[in-house]
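Questions regarding the structure given below will be posed in turn.
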Amino acid sequence: MLNVAIVGGSGYTGFELLRILTQHPTAKVVEATSRQYKGKPVSEVFPSLKGYYDDLIFSEPEDFKRLSVDVVFSALPHGASQEVVPALLEADNRVIDLSADFRLHSLETYKTWYGEHKADFLLPEAVYGLPELHRAAIKDAHLVANPGCYPTSAILALSPLLRAGLADKESIIVDSKSGVSGAGRGANIDTSYVEVSSGFKAYKIGSHRHTPEIEQELTGVAGSDINITFTPHLIPVSRGILTTTYAKLTKSVSAKEVYELYRETYRSEPFVRVLPEGTFPNISNVRGSNYCDIGIFTDEKRKQVIAVSAIDNLVKGASGQAVQNMNIMFWLKEDMALSAPPLAI
Amino acid sequence: MLNVAIVGGSGYTGFELLRILTQHPTAKVVEATSRQYKGKPVSEVFPSLKGYYDDLIFSEPEDFKRLSVDVVFSALPHGASQEVVPALLEADNRVIDLSADFRLHSLETYKTWYGEHKADFLLPEAVYGLPELHRAAIKDAHLVANPGCYPTSAILALSPLLRAGLADKESIIVDSKSGVSGAGRGANIDTSYVEVSSGFKAYKIGSHRHTPEIEQELTGVAGSDINITFTPHLIPVSRGILTTTYAKLTKSVSAKEVYELYRETYRSEPFVRVLPEGTFPNISNVRGSNYCDIGIFTDEKRKQVIAVSAIDNLVKGASGQAVQNMNIMFWLKEDMALSAPPLAI
Amino acid sequence: MLNVAIVGGSGYTGFELLRILTQHPTAKVVEATSRQYKGKPVSEVFPSLKGYYDDLIFSEPEDFKRLSVDVVFSALPHGASQEVVPALLEADNRVIDLSADFRLHSLETYKTWYGEHKADFLLPEAVYGLPELHRAAIKDAHLVANPGCYPTSAILALSPLLRAGLADKESIIVDSKSGVSGAGRGANIDTSYVEVSSGFKAYKIGSHRHTPEIEQELTGVAGSDINITFTPHLIPVSRGILTTTYAKLTKSVSAKEVYELYRETYRSEPFVRVLPEGTFPNISNVRGSNYCDIGIFTDEKRKQVIAVSAIDNLVKGASGQAVQNMNIMFWLKEDMALSAPPLAI
Amino acid sequence: MLNVAIVGGSGYTGFELLRILTQHPTAKVVEATSRQYKGKPVSEVFPSLKGYYDDLIFSEPEDFKRLSVDVVFSALPHGASQEVVPALLEADNRVIDLSADFRLHSLETYKTWYGEHKADFLLPEAVYGLPELHRAAIKDAHLVANPGCYPTSAILALSPLLRAGLADKESIIVDSKSGVSGAGRGANIDTSYVEVSSGFKAYKIGSHRHTPEIEQELTGVAGSDINITFTPHLIPVSRGILTTTYAKLTKSVSAKEVYELYRETYRSEPFVRVLPEGTFPNISNVRGSNYCDIGIFTDEKRKQVIAVSAIDNLVKGASGQAVQNMNIMFWLKEDMALSAPPLAI
């Protein structure tokens, strides 16, 4: 039995870890921390979990070094995680960090987008936890940097084309649309029901912090520098990201060939579903699940590929992928706790 | 031309006053105050109003006595209004207060539900601004206490029956459902998109502060004490209240007679629409408008009437009714700025 | 291993059975019928299920007698089920029928509300499949009439009071609010997105067909005739029913006693969660799960109890309860395939 | 006073014409036709309009030639309009057609995308009714082809760049997101609440019929052939289109210059609001109004412009623009009936 701790357990990714791990046959949450809800039962903060964690009370450890379990999920916000992770590692825990703190390999890039780093000595050893790209390294990692939600959807949609050298590297466009839970759990007028409901908008055009993360991974796959245009939008739904990517083909390839490339790439992946030709994903069809659904359209005449991906931002885009990483790290069946189908409607 | 000021203009009722008054042929907003947005153009805080109030900047007067206009709408929160209204009246403004501060005639009842009152000397002169009940008094009022949203819907649904002495006074039930904007504009986890969307719940059962307001007005109509059971619920929509009321008949009356009673009661009211027999209101059909739609069902066998009413909580439930009151106070056509049909879809 | 067939598998309750049964360790869907989608793969009709039923193709048997499995779920519409169920029983299948066809014991009542019955000879042997009331009978039943969604929520909320003889039988009010999936899967202007979204309305006041079903079961519990006032409303959400029930107490009982009555009644029930005192259910907190959450408020002065219940109408209100019934019929652990927590957000 | 007839008045664009025209000081709807609702009062079909058109009953003329008014809005579906418009013109009505039937100048293009045309002789004289491009021609037109919703948003976002010769003509991408009312009013499983709510998807990638319409107008503006990549998506809201357009700059221009180009282009347009630099539109902020809000982002380094536009698809994208066209055709103030601000929340 794996003993699991969740640090920062009262946000949406923390909740989602708690929800998913109820279904895990060999892992057990033995501690969950929350500054805000310290001393409160988990099932009081999250009434939907009544009956699942009745003995678990949110704690707030003074000293994270004393946390000694098999694996710690850090679901703290960006910036806060780097203050805690070194202690957690020192105490010999394996750590899966859901923040952005350890995702970028380059300290310089980190500083440009986020500012100073308090634990940059860990950047070289952190493994970017996208199993479809880095499964082998994740197996042995002590610190997994769990990918961002937008990057997960964008990288899975674009990497087959880039690895095959088929995409023009100068003109990639990533037009993403995310549900509101991506903004985290907190009191904020911008994510209040009245402001969001019946609305739709683009935001942080040209300046969203997930840009360098997408570029880093696509660069790795392509073998040379990739810069993208990234436009995030806000959908009035709680869960889900749909990413529409546009890439110019570098040579004439048939629609069939492009489609087969994707099918082949993801043939053995348990959580990537390449949809039948001519069909495209809907965030409904992945809701609550760890799937990334991908649909491909190739305009042979314009030599352009439109690859569309859909994930649940809280599952494959955060906590589900984190559990997938845990399963890999402990040589478990990769879909443990993640095998239920989407809720869909 | 009426000069209008809005105190506390950056909440939803303030916004709604600004929106509605753009359509008023003889009233002009000359000042709008906001502590939070002091110095900011109205059209920056509310981009939907771009082009309408381009010269209007949110102010924050140190001294409300210096505000000298024809009418002031106070859209401040409960408790804050009573600190400002006396000064506004002293400076010879007529005041329409959208808070709960002056709605209850009884200081004792006020204290029970809200606590101490800082301007209780004004309670006797404040007129409860429900035109369908108090039109004559509103005409001459210096201080109008604009009704709450739930009370507007409940009182209009129940008062015909009670005035006619047809409803059993002991067993009235008011089961109300409100959109989220009723909670006001502010950062609050409980009204965040993710928490509210796809949810539905009852709240403040047996303890909502609108209870005494409904009881006061129904008591006035009935001529003797009325106590009600009031259960508010939260609907995942921005605007709208639907109130389902249940009353036992004190004697055998036909469904037809009950229906005609309602038709007759509201025959000349510009903003109450009694729907055709057998049809019932939908909040969509009043959205953005000052209408209260009412549908009546009488179960002759069980001797029970179910009267259902629908309003837009921000319009007939707040700012639209406030403008209606202004029109009455200044002998204007009652539907000025309020004549557009609902948005519906 | 139980072999399962689903007749009428392409509606929402059919989909939900398919979704839930993916998680069942000892049951397997071997056949699913659909007139509309005959010949199409299940995963094409329901893309969210891609990867789960890749070999299952919707069939349309000419002769239902040839269906020979351990249990058949009939998810056909009202009226259609009674044409098929006799043949299914003759072929020695045990049948769980999700329609209203076999829920009412009295043929007369059935005729009043639904019209002629083509298999009324089965009414006496059909067991009303609400485990909390009829678990023992379900065990041996060959034909289980799975309860309606509104009735499930109303009966669970009211039966403790009625069994204890505490509720006045003349004045019970059931004010229910349902998500849109309760109307079934089909092309209908009334349930189109634009008509429903941002709306809220009451419908079928005094005439909804679930009324006699609620009355039958409450009568059984109370030991004498119960008539109720039932008002259904439509919430703009896909899933969920919240039912607010009002009952007058027949004698003075403390709020504490009433609360303990509910706690005691449901102490051993795996799917009824009586919430902590002072807290009330939200349909979010049961979404996707088989739970019925109940909150109790007692107004000692007015001698009134407000019991509020929440279910997912497609799970505890339909397919989840059907699987619970199957588990009971085959002596399996009652929560098999139903143990995952709600999706909540 | 202008006499107005609406042919096909019971769909969403018909409803919207009825709603908007209640506010017109000099136009009056004297006839509205509907095959489906023939003989029914308008206010019964659209209860939100109760009190506005109480004497208007949906008719179904056998002979459209007998319709003799000042202007006819044809809100019939594509294909049906061309069967009626010739008769309407012959009877000396001026016609504003909201369908796609007369938008394309090239019969060949029409055939490619829609099939045979029954009144192609009218194509040369029909004026494409986008006032920002064709105001002068609209003034004298007898037949105005009212633009599609997606094209309105895309053309207004891109035409300033193309007219100025700043955009690369080979690589324009139009990523559009529309609310559900764009699909029209009708019973359709694909636009049912349950299927759409909480979902988001791309559809008709590379094959949407609005593509040639956008290309025709952009070609006109640019002076040479423009082909675009157009990807429509479905947002779970009733109203609103947000279009995110991507264009490569043909030469180095500063962000400031691009912004000023847009400001200058639309300086005198009553319904195009170029937002302050660094701010971007939200469909909420135009809801219910005839505005097109535009936000501009220029990435000087990548030499790329992202222009984002938002409209209400039923207003500026359909019926509001039709009324704007009527105002122009009859030399009225262009914003008559269209001057109210958006509903926003």
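Labels for the chains are A, B, C and D, by order of writing; each one numbers its residues from 1.
The definition used in the following text is that contacts are C-beta pairs under 8 Å (C-beta built on N, C-alpha and C of every residue); 3 or more make two chains touch, one makes a residue touch a chain.
Bear in mind the structure is a predicted one, so any value in this text is a computation, not a measurement.
Interface comparison, C-D against A-D: more C-beta pairs in contact at A-D. Of all chains, the one whose mean C-alpha position sits at the greatest distance from that of chain B is A.
In this assembly, the C-alpha centroid of chain A lies 36 Å from the C-alpha centroid of chain C.
Note: centroid distance chain C to chain D, computed from Cα atoms, is 45 Å.
Between chain A and chain D the centroid-to-centroid distance comes to 39 Å (mean Cα coordinates, whole Å).
Multi-chain contact residues of chain A (touching two or more other chains): 12, 181, 194-195, 198, 236-239, 282, 284, 287, 345.
Interface residues of chain C, counted against chain D in their complex, comprise 12, 180-181, 185-189, 191-198, 236-238.
Put simply, chain C touches chain B in their complex at residues 171, 173, 175, 177, 194-195, 198-203, 205-206, 227, 229, 231, 233, 235-240, 242, 244, 246, 248, 280-284, 287, 295, 297, 299, 302, 304, 306, 308, 310, 345.
Residues 12, 15, 19, 22-23, 44, 46-52, 181, 198, 238-239, 273, 275-276, 279, 282, 284-289, 293, 314, 339-345 of chain D are the ones that touch chain B when the two sit in their complex.
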